[in-house]
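Below you'll find the structures, each written out as C-alpha cells.
Same chain, two partners: subunit A is paired with subunit B first, then with subunit C.
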Partner chain A sequence: MADALTQLGFASWLSVLIASIIKVTLILVGGSVGMMFLTWYERRSISYMQDRRGPNRVGPQGLLQPISEAIKTMTKEDATPRDADKIVHFLAPVVMLGATVLSFAVIPWGRMFPVDLNAAVLFVIATGGLHSIGMMMAGWGSNNKFALLGGMRGVAQLISYEIPQVMAIIPVVLMTGSMSLQKIVEAQNDFAGLGWYVFSPVGLLGFALFFTASLAEGERTPFDIPEADSEIIAGYMTEYSGMKFAVFYLSNYMSNLAVCFVTATLYLGGGNGPGVDALGGIAGGLLSLVYFLLKSFALFFVMVLIRATVPRLRVDQLMSFAWKFLLPLVLVNILSASFWVALLRWDQQWPQLTEWFGAPSTADATNWGRLAIAIVLTLLINAGAVALIMRLTNRNVQKHLYTTDEELALGLS
Partner chain B sequence: MNPIAIGVFIVIALLTLGSGIMVVTVRNIIHSALWLIASFIGVAALYLLMEAEFLAVVQILVYAGAVSILVLFAIMLTRQVTGEGVRVVFERWWVALLIALGLFGVIVPTLWKHGATWEEAAKLAQVGPTPVDGAANSLQVATATEIGRSFMGEYLLPFEVVSVLLLMALIGAVVIAYEERTRRRRVLTLAEELALKKRGIVEPRDAEGAVVPREAEGKVILLDSEQA
Partner chain C sequence: MLKTEELQINIGPQHPSTHGVFRMLVTVDGETLVDLKPVFGYLHRNHEQLGEVNTYLQNMPFTDRLDYFNSMVNNHAYARTIETLAGVEVPERAQYIRVIMDELSRILNHATAMGFMLGDMGAWQTALLWGMREREKILDMFEYVSGARMMCNYCRFGGVVRDIDDWFITELKKLMQGLPHYFDDFEGLLLNSEILLARARNIGVLPKDLALAYSVTGPVLRGSGVAYDIRKAEPYAVYDRFKFKVPVGTVGDVYDRFLVRIAEMRESYKILEQALEQLPDATGGFINPKVKQQSLKAPAGEAYARVESPKGELGFYVVSDGTGSAYRYKVRAPSFINLSALADMCKGYTIADVVVILGSIDIVMGEVDR
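Now for the complex of A and B:
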C-alpha cells in the first residue's frame, strides 16, 4: 500500500505513515464492528439452542441490538470504588484492550497481511499473555475480595493454559519451517488449496488441543472460571461499570475473535480454498477473505455450541485438565510431528541431514509411499496417546469422585 | 542511522530507564512490580528497534507475561494485599550497589569490544545475516533461525547447562509440592463433620491441638445419605 502511495507522489515517510494509519483504522474498526456482530450472533444462536428467540426487536432480526447496548453502557455512570487504587483501576481495561488489539496486527485477513512479522505466531501468544497483567491489575486495583479472587483465578488459568497453547503450535512451526503466519498459510496451499494441516493426524490433534487451550485463554465457557458469576459475582470485573466494563467486554469478544482467526490460519489453511489460485488477483483475494471469514465464524459457532452444552469446570478440575491431559498430549504431538517432518520433508527442512545421510531417493514430487507411512505412523502414535491418557484420566475420575487432597494441592490454593 | 530511529531510541530508552527507577523508588510494592512490567516492555521495544523480532516477542512472552506475573503472585500470596508503605531500600543497599556496578563493569567492556556500531549494524541489516558457519563476523541479526542454529551448534554446552538448571528447578518444585501435600488435609464440610461426629469418630489431634493428617490420602468419607 505504501508503494502505491509513493507512486502517487507522496514523500516516502508520509506514505508509510498514511498506509499505517489506514491499516490501523481498518483493524480497529473491523475488530470492534466484528465484535458487535459477534455478540448478536452468539446471543441469537444460543437462544435457539435454548429454545427461545433472543434479541430480535431492534432493527431487522435484532441486528442493531449491539448498537443500542453500546449506547446504553456509554451513558451509564462510571463508578470507581472509594478505596480502589484509582490509576491501576483505570489502566486495567486499557491494558486488556491494548493487548487484544495488538494481536490483530499480525492476523492475515485472507491473503491480506497487515504486518508480516517473522515471529508472528509467538507474537499472538505473547499479546494474549499480556491479558493476565490487565486481569491482575483489575483484580488488585478494585480493592474488592471477589475481584481479587477472580483475578488470581483468572491469571492462574491463563498462565497454565498458555503452556499447552504455545506447545500445540510447535508441530505447525515444525511442518512449515517458519513462524511467520504468511509462510504457514502458503504451506497449506497444496492439493488445490486443501492441504490444510487439520487433515493430517498431527494437525488434527494439534487443532483440537490448540482450540481447547485457546478457549481457556479467552475465558470461554467451560473455562469461564475468572468471571464465574454464580460463584464470585463477576470476578475481576466486579467493580467495573459503564464504559470501563464495556471495554472489558469488547476486549473479551475481540480476543475470542482473534482466537478463531488464528486457529483458522494455523490449522484450517487461512484464506486457502479451491478456486483462490485459479482466480488470482483482487478477485482471488476477496474469495480468500470470504473463505477465511467463513472458517472463523464456523469456529466461533463451535465456541457457542460448547458454551450451550458443556458445564463449567471446577477450579481444581481446570488445573488438572491443563497439566494432566493437555500437556502430555501436546508433548506426544510434538514427537509425532517430528516423525512427520522427518519422513516427508527432511530434504527441505534439514539440509544438513541430507549431507550426512544422502539425499532422499525421490526428492522431486510428493512421495505417496512416504506420505502413507507418515500418516499411519503419526495416527498410531496420536490415537494411542489419546486412548491411553483418556483411560488413565477416567480411572482417576472414578477413583476420586469427590475432591481429594491431591486435586486441591494441584488446584490453586 | 536515521534521525527518526535515534529519536525513537532515545524516547524508548528514557521510558525504560524511568520505569526502572520507579521500580526501586516507589513505596507500594505492587506498583513497583507493575513498573517492572513497563520496563520489560520498554526493553522489548528496544529489541524491536534493533529488528530482533524474535527476541522482542520472547521478552514479552517470558518476562512481561510470565515472570512478572509470578512476581505479582508471590507478592499477593505472601504479604498483606494492600502492600502499602513497604520499605524498598534496605540497610544493605551497598551490597546491591556493588553487584550492580560489577555487572555494569562486565557488560560495558564486553559491548565495547564485541559490539557493533550503528553503521555496521545498519549495513548488516541491509545485507542480511551472514551464515553462522563462517563465524568470522560476531554480528548476526538475531532471527529465530540464527538463534536456534547457535544454540544447537556454537553454544550447545551453555544451552544444555541451562536445561539441567531448569530440570533441577522442576524437580525441586515437585518435591516441595509433595511435602506440602503430606501435611495437608481436606477441609471437611459442615455436613461431613456432623456425619463424623454422629458416627463417634473423633479427629486425632497432636499435643498442640492440631489435627493429625489421616493416613489414607484422599479417602472419601461417605455420608449416610450417600451410602444407600
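Now for the complex of A and C:
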C-alpha cells in the first residue's frame, strides 16, 4: 500500500505513515466490529439449537443488538472494589485487549497481509501468551477470592495448553520450511488451491490438536474453567463492571476470532480455494477474503456447537488432558511430519542435507509415488498413535442402572 | 511438600448455582474441598407456624409455596393428611386425576432438575432449555385445570377443585406424543459423552448405609442402590393399579442419580398412559360432596401421610385438637433431609464437583427453609 501512495506523489516517510494508520484503523475497527457481530452470530445460533429465537428485536434480525449492548456497558457504573489494587485492576483489561489486538497485526485477510512478519507464527503464540499476565493481574488486583481462584486457574491452564499448541504448529513449520504466515498460505496453493495441510494425515491430526489446544487458550467450552460461572461466578472478571468488563469481553471474543483465523491460515489454506488464482488481481483477492472468512466462521461455528453441547472439564482433568493426551500425540505428529518432509521435500527444502546424506532413496520415483508413500507412512503412524492413546485412556464402562418392579421391601435390612 | 494455606469461601447466598438463597461455607485447599458447612434460613417464611393459625383449607395454597416446582404433589400430600385425619372418602376419578398431575409434575421436575445440573456442569443451557420447553407445555395443562401455572392450589379435601374435560385429555395425549422424543433427545445429547462421564462418574458418592443413616429419600436414595419408593412400599391413591418399575443405581454417584431421574421420567410416562386408559368416567364425581371445605373440622388426633414427591418422601404431620385448624403442623420436606448429606458427599472433591453434587441432590429452597 505504501508503494501505491509513493507513486501518487507522497514522500516516502509520509506514505509509510499513512499506510500504517490506515492498516491500524482497519484492524481495530474490523476486529471490534467483527467481534460485535460474532456475539450476535453466537447467540442466534445457540438460540436455534436450544429451540428459541435469540435476540431479534434491535434492528433487522437483531443485528444491532451488540451496539445497544455496547452502549449499555459503556453507560454503566464502573465500580472498583475498595480494597483492590487500583492500578493493577485498571491495567488488567488493557493488557488483555492489547495482546489480542497485537495478534491481529500479522493475521492475513485472505491474501491481504497487514504485516508479513517472517516469524509470524511465533508472534501469534507470544501475543496469546500475554493473556495469562492480564488474567493474573485481574485475579490478583481484584482482591476477591473468586477472582483469585479464576486467575490462578487461568494461568495454569494457559501455560499448560501453550505447549501442545506451539508444538502442534511445528509440523506446519516443518512442512513449509518457514514461519511466515504468507509462506504457509502460499505452500498450500497446490492442486488448484486445494492443497491444504488438513488434507494430509499430518495436517489433519495437527489441525485437531491445534484447534483443541486453542479452545483452551481462548477459554471456550469445554475449557472455560477460568470463568466457570457456575463454580466461581465469573472467575477473574468477577469484580469488573461497565466498560472494563466490556473490554474483557471484547478481548475474549477477538482472541477467539484470531484463533479461528490462525487455524484457517495454518491448516485450511487461508484464502486459497478454487478460482482464486484464475481470477487474480483485486477480484481474486476479494474471493480469497470470502474463502478465508467462510473458513474462519465455519470454525467459529464449531466452537459454538461445542459450547451448546458439552459440559466443562474439571481443572485436574484439564491438566491431565493436556499433558497425557495432547502432548504425546503432538510429539508423534512432529515425528510423522519429519518423515513427511524427509520423503517429499528433502532435496528441495534442504539441499545441504542431500549433499551430506545423498539423495533420498525415492528420489528417482515420481512425485506421486513419494506422496503416496508419505501419506501411507504418516497415516499409519498417526492412526496408530491415536488408537493406542485412546485405548490407554479408555475406561471400562459398566452398566450402572438396573430396574426392579417386584413389590419392594423397605430395603432396610 | 509445599506448605499451602486453606482458604474459606462463601458460595452463596448470591451465587449462580446455589439454586436459590443457599449458602455453603467452604474451606478449600487449593481446589480441593476440606470442609463444607451448609447455611440456610434465608427464605424462612414461618410456614409451619402459619399452618397452625390457618384453617385447614386456608393452608392449602401455602403448601404450593413449599416446593414451588411441584405444587400439585404438595397439595396431594397435604390433602391426603387431612383426609386421613378427618376420615374423608375420595372418589376414584379424583384419585386418578391426582396421579396424573403427580406424574406430570415428576416429569417436569426431573427434566428441569437434570437440566440445571448439566448447566452447573457447564453445558451451556441446552439441556436445561429443552427441559424448560417440556415444562412449559405441562404448565399449560396445569393452567387449564387449575387456573395457575405454578401455584396450582388444585386439591381439595375429598377430591380436586375442578374436573378435567375432554379437551384436557386430548391435549394431554398430544403432549405425551412428544415426550418420548424429548427423553431420547435428552439422553442422546450427553448420556455417553466422555466429558459427562468424567465429571459425573464416581463423583459425590453416597454409600447405601450412609444414605439410609441420613434418611435420604427419592432419586438420591435410589441412586445409592436402595429400591425404596413410596408408590410401591405403601401404595397410596391408586398406584397399586399401575405397572411400573423402580430404577435403582449401583454406585450412588452423580451419574447414577442422573440415570435414575431419566429412567423415572420414562416410568412416569408409562403410568400416565395407564392412568389415562383406566380413568373412570365422571359419574362418580371428582370431589366428595359431603365435605364442608371451608369449615372442615377434624376430630382430635394426629395423622401423618406421605407421597413420593419427585424429590423424595414428602410427608405432612398434623395434630388436631378438634377445632378448625391444626394444633401442630409439621412438614417432612425431602429437599431439607436430602441436603443434610451434602457435606459428607462433597468432602475430598473439588469446588467444581460441589456445585454438581448440589445440583444432583435437586433441592428447592422454598422447601428447605419453609
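Of note:
Following the convention adopted for this analysis, the second predicted complex is superposed on the first by the 384 of 413 C-alpha atoms of A that agree within 3 Å, B and C clash if a C-alpha of one lies under 4 Å from a C-alpha of the other, contacts with A are read in each partner's own complex, and residues count from 1 in each chain.
In this text, contacts are C-beta pairs under 8 Å (C-beta built on N, C-alpha and C of every residue); 3 or more make two chains touch, one makes a residue touch a chain.
Treat the numbers as computed from the prediction; the structure is a model and nothing was measured.
By the touch criterion defined above, A:179 reaches subunit B but does not reach subunit C.
When the shared chain is aligned, subunit B comes close enough to touch A:129, but subunit C does not. When the two structures are aligned on the shared chain, A:232 is found in touch with subunit C, with no touch to subunit B.
Of the two partner chains placed around the shared chain by superposition, subunit B is the only one that A:162 touches, whereas subunit C remains out of contact. Once the two complexes are laid over each other on the shared chain, residue contacts for A:246 go to neither subunit B nor subunit C. Among subunit B and subunit C, the chain that touches a larger number of residues in subunit A is C.
Once the two complexes are overlaid on the shared chain, A:97 sits clear of subunit B and of subunit C alike. Residues 400-405, 408-409 of subunit A lie at the contact with subunit B in one complex and at the contact with subunit C in the other. Contact residues on subunit A toward subunit B in their complex (touch as defined above): 13, 88, 117-119, 122-123, 125-127, 129-130, 132-133, 136-137, 140, 143, 148, 152, 155-156, 159, 162, 166, 179, 400-406, 408-409. Partner subunit C is touched in their complex by these residues of subunit A: 46, 49-52, 145-146, 149, 153, 221-222, 224-225, 228-233, 307-317, 395, 397, 400-405, 407-412.
Remark: subunit C residues 7, 9, 15-17, 31, 118-126, 129-130, 133, 189-190, 193, 195-199, 212, 226-229, 232-233, 243-251, 255-256, 259-260, 263, 350-353, 355 touch subunit A in the complex.
Listed in rising order, the residues of subunit B touching subunit A in the complex are 4, 30-31, 34, 37, 53-54, 56-58, 60-61, 64-66, 68-70, 72-73, 76, 81-82, 143-144, 177, 180-181, 184-186, 217-218, 220.
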